[in-house]
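First chain written, first letter: the chains are A, B, C and D, and each begins at residue 1.
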């Protein structure tokens, strides 16, 4: 009911209210608790093939995280923000997309890119330090990893909107952390998406921390998913360690977007098991006990238990998955141990479509310096 | 950078304002290229607060000329995404100071996306910003923010000073595969010139400065809102026996060192004139370049005439801040003519 | 219930969830329709003194709006954004505050400042063009009118937070438009306020438009008040033309803040009867018919009807209020017709606490120019 | 501007890092003045990603050293409100590029509030920004953004290059009644000097440049991260027969024209050195000022050695971008010594 329709014996005539609700808030509100499948009765319905696929990817992801972290210790990566413990959400984000869809990862989400099929060496280029982006975003439909937090969210909205205007059936899935939800860009992106009914899915991985800052210092909201109602889009709260629940909820959100019903905000409740990056010391701001409690809710464990209980995998099967992950890790290790071939002249290559006169001068200067250096080396 | 071919229709030259020429440039660009999308606050139904986009929503539909929510970072950020998908967004920022909320998107993404992706994701987008003072605007409506954009590699920074350039440079900017910050001098919106909208003349490409008035005694280097001031000053100087050359830079990035240095080598004296604050403003860069390139030709130091180093003043005091003809002439007088 | 407490026959052991809801969402949600008093049975309870006070202030405000608009036509004001039709919300915002509290107006809200007791000439200084702010904000506890939209909201949060840290019993009330809610600063301010439990009241005047842009292009939210839940603060939806309802809801929000229960978001549903400013042409984007329908819901009308029906005012009383407003307008007109005495040297006065050497040079230059000009004038 | 009185306790000079001196400055300021509040991302429990604020939350409580939500405009915007109420906020931006979201608050409010209110609302706040490259940071972690701040009237822009200045200038900045952008050269955080934390020596006030190495042949004008580069270059130049003076600007705003001009008039030659991009960077302003003030003393044009006009490069290539000793020496060699 609106002001206008309000009936009361003493009611004055009332004009058409400009504020008239556009949407019914009730269906936009998230569940009171995170949606779960694994460990509940609903798990029995889960497709065995999907369970196996998710399991393989999550194990793969865990191994990838471990390998990348090891590479930082060997000086082969400048920095690595691990998603250990968050593999279910990372993997599900990649698997729910069609090839024509776009993924907008944050700086942490190399695993989602890898799960989407990107060569891990390319995914890690930024973090190795040889270039800002190691792949062609158009080829893979993976936006560059975004270091400035939440800034990639409006990009996802714009791209999805553009695709819709062109009549292309493309959905964009954008990833952000709990901390990133505090940025103005988060707000503006969600608002544009809702007003434009753009085919976007916003996935917030609430891993408990923004570096050292716990969620309680980040927001006073009931849940991050509750933010959705303020934009007029549905909010979904999901157990982020439950790969099946994540896959289901994200699939629904993607389908909803694809069918023209607009954006969805999904909050995945998870936990960052490692420090913020290899350079961080997590013992400064959290206890081992807290970390330990999350081990019992490990995404691999949840899947493995389900697969085992239902007899969908045996020890040999598990070993095969692990072997496969090991092969990937060995390959990655080997390739990351090679120094990338870099040309310093590339510094000037793509600043503009065409070099400015000033950049031509500067490129000449560097060229001369490099030549002199090379001569010096020979002499 | 591309120049724009003449549209076929004939027509006749008549007085037109810069605002009209800008509007026409948008219209022609949209008609020619369906990937051009105009977006911003009030650009649709209203046609923009300066009416530059008037009629576009009607002609091309609201999907091509879109009233956005009121959020500049969101406007520019979504435009980045649209450009990633191959569109050519033309963003309007309502006033200079209201582009600041979008600063992070501009500096960290728009300017760097091509470089970040080794050319895979160019940013063929134009950010139109009405800038500068002299129109009696209250605070935050009269900023000269070009220094910020000049200091940001990856951006092209363009500013027209004539009606023909308003059309031609805006067409070139929209056609450019690089992001352009297109600075529109507010107080020239209603300046007029004879101009043929059906056969707009080609103008020199972005990156080329133009000698608007030849002279031999000294060079005034300027752009945008200060060009008319300099031309007027040059006329007045003639009476004092100073024959001044006036250069309109047209783009701050790329900067046309060749034209500027050739002129100053010829005249031996130079004054840089702009309305932006002096300290840390564009004039420092320009004076430094000229001094370095023309050192042995200079008869006097390169001087600068600029706005004061203060927040833009309230309307009733702005005339004391804006560099006018007198200040330009004062500077010219200090060019050590007796040497 | 949280993930941790969830009980299910097949539930796996679950760790303490970092996401645990901080607040129950239900009480945060606004009513389905704007809260109203005038024209409903509840009006009978309204205090006669308050009704009379509100009536006098709203009539006063209407006359102030008309006078200021007239001054733009006479070239005595550079620009005026009128609050005709919004006087109830403007006035209520001022009246609910104690003297020690702070008001944070947007560029449109000179009326709220005037209703708070500020000299209208001082309130209009920005819009006349003689200086950016015409009053001492600390003296009046009115922040400078904020031209960049929504940027004053974090200021209000910081000030309220600082006062609380110092143990001072101070509430800040910050005003913003429907359009301003789309800005990132709105989001960040509300989030900080909720996390810090700062004593702030956010008043959104939803007057249907942001210049030419109607609310439907600004947001897809059920109401703007629904945004509150995403920050963990209560949202209230009020009929912004109902001065009594506005007074009641804002008073409650201020009391809540004062008692340490944190911020509230109030959406006042109202309508901008005039164009955006005198420079705007509203016929480009809305019909007269739409405007007309709102006349029947005029804030003055609503009060007048209540006062008359309850016999709390007679024609003489109404005339007295109008005469009083006329006196104010005449005084304002007269004083605004005098040219302000301005000293151009003030340009350099308050850029820094102490002038830099560069500003000293520039001030000398202007001084010399002004002296030369004066000499020229004399000659 | 105020200098800071020595704390009473004695102590002894020993090697200390710039990071330690900065942390100590914050601590001492907080101990001395209860209105000083430190705020930012991770500054509390963690002590900041560079550990500059380590221990402050413990010593002074979380209300005085506060972990904020992750939103830079919100951080600076709330700090403005705190300053309005008489507090003295010290804001930490985690990295240079992450100050951009706060750009509007900085430019439109922090820099202008005093002016807007005729002095009624001064902004005694300090914005600490770790800046510059050379530490192998990925993109957005190595920007030199000083040109933006220099071009914004109302801001004081300070950058220390020595351990003693890190302490002294930060104390002065916090004590200043004007807003200070305090730029901390990241790659000097771990640079060491002998220094007595219990009796930090007074340093020259903000606005004063200091000659770090006297010389007669040419002046190197620099600041922050490039000071060690210039000192090393001056040593190396001695071998070539060039006796270089090195000036550490210490603050870009206010700019110490007097010290710089006096030096260049003496030496007759100057090179400006900084790691920020050249075009539109601080060097243009500095070179222009020097050229104007020292025109008749100059034996050669004022040259600039700066970063390239490109987005900051990835870690593996940054050494090719950063101006090092060789580039400084190359510029010195081009100072027309044969004239």
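Heads up, the rule we're going with is that a residue touches a chain if its C-beta (ideal position, glycine included) is under 8 Å from a C-beta of that chain, and two chains touch if they have at least 3 such contacts.
None of the values given here were measured: they were computed from a predicted structure.
Think of each touching pair as a link: the shortest run of links from subunit A to subunit C has 1 of them. Note: the chain lying farthest from subunit B is A, by mean C-alpha position. Centroids of subunit B and subunit C (each the mean of its C-alpha atoms) stand 36 Å apart. As a whole-number value, the distance joining the C-alpha centres of subunit A and subunit B reads 39 Å.
Shared interface positions of subunit A, defined as residues touching 2 or more other chains, are 131-132, 148, 182-185, 187-188, 191, 195, 217-219, 346, 351, 356, 358. Counting partner chains per residue, subunit D shows two or more touched chains at residues 68-69, 71, 73-74, 97, 100-101, 104, 108, 112, 115-116, 139-140, 153-154, 253, 255, 279, 309-311.
Residue ranges on subunit C touching subunit A, taken from their complex, read 1-3, 6, 8-19, 21-25, 28-29, 32-34, 36, 38-41, 43, 182-188, 191, 194-195, 197, 206-209, 214-224, 226-233, 239, 262, 267, 269, 271, 290, 293-297, 301-302, 305. Looking at the complex, you find that subunit D touches subunit B at residues 73, 97, 100-101, 103-104, 107-108, 111-112, 115-116, 139-140, 147-148, 150-154, 253, 255, 277, 279-289, 291-293, 295, 298, 300-304, 309-311. Within the complex, the subunit D residues that touch subunit C are 1, 37, 63, 68-69, 71, 73-74, 76-87, 89, 101, 104-105, 108-109, 112-122, 153-154, 156, 176-178, 207, 253-258. On the side of subunit A, the complex with subunit B involves touching residues 131-133, 136-139, 143-144, 148, 151, 153-163, 165-166, 172, 184-185, 187-189, 191-192, 195, 346, 349-354, 356-358. Residues 41-42, 44-47, 49, 67-74, 97-98, 100-101, 136-141, 279, 308-311, 313-317, 320-321, 326-327 of subunit B touch subunit C in their complex.
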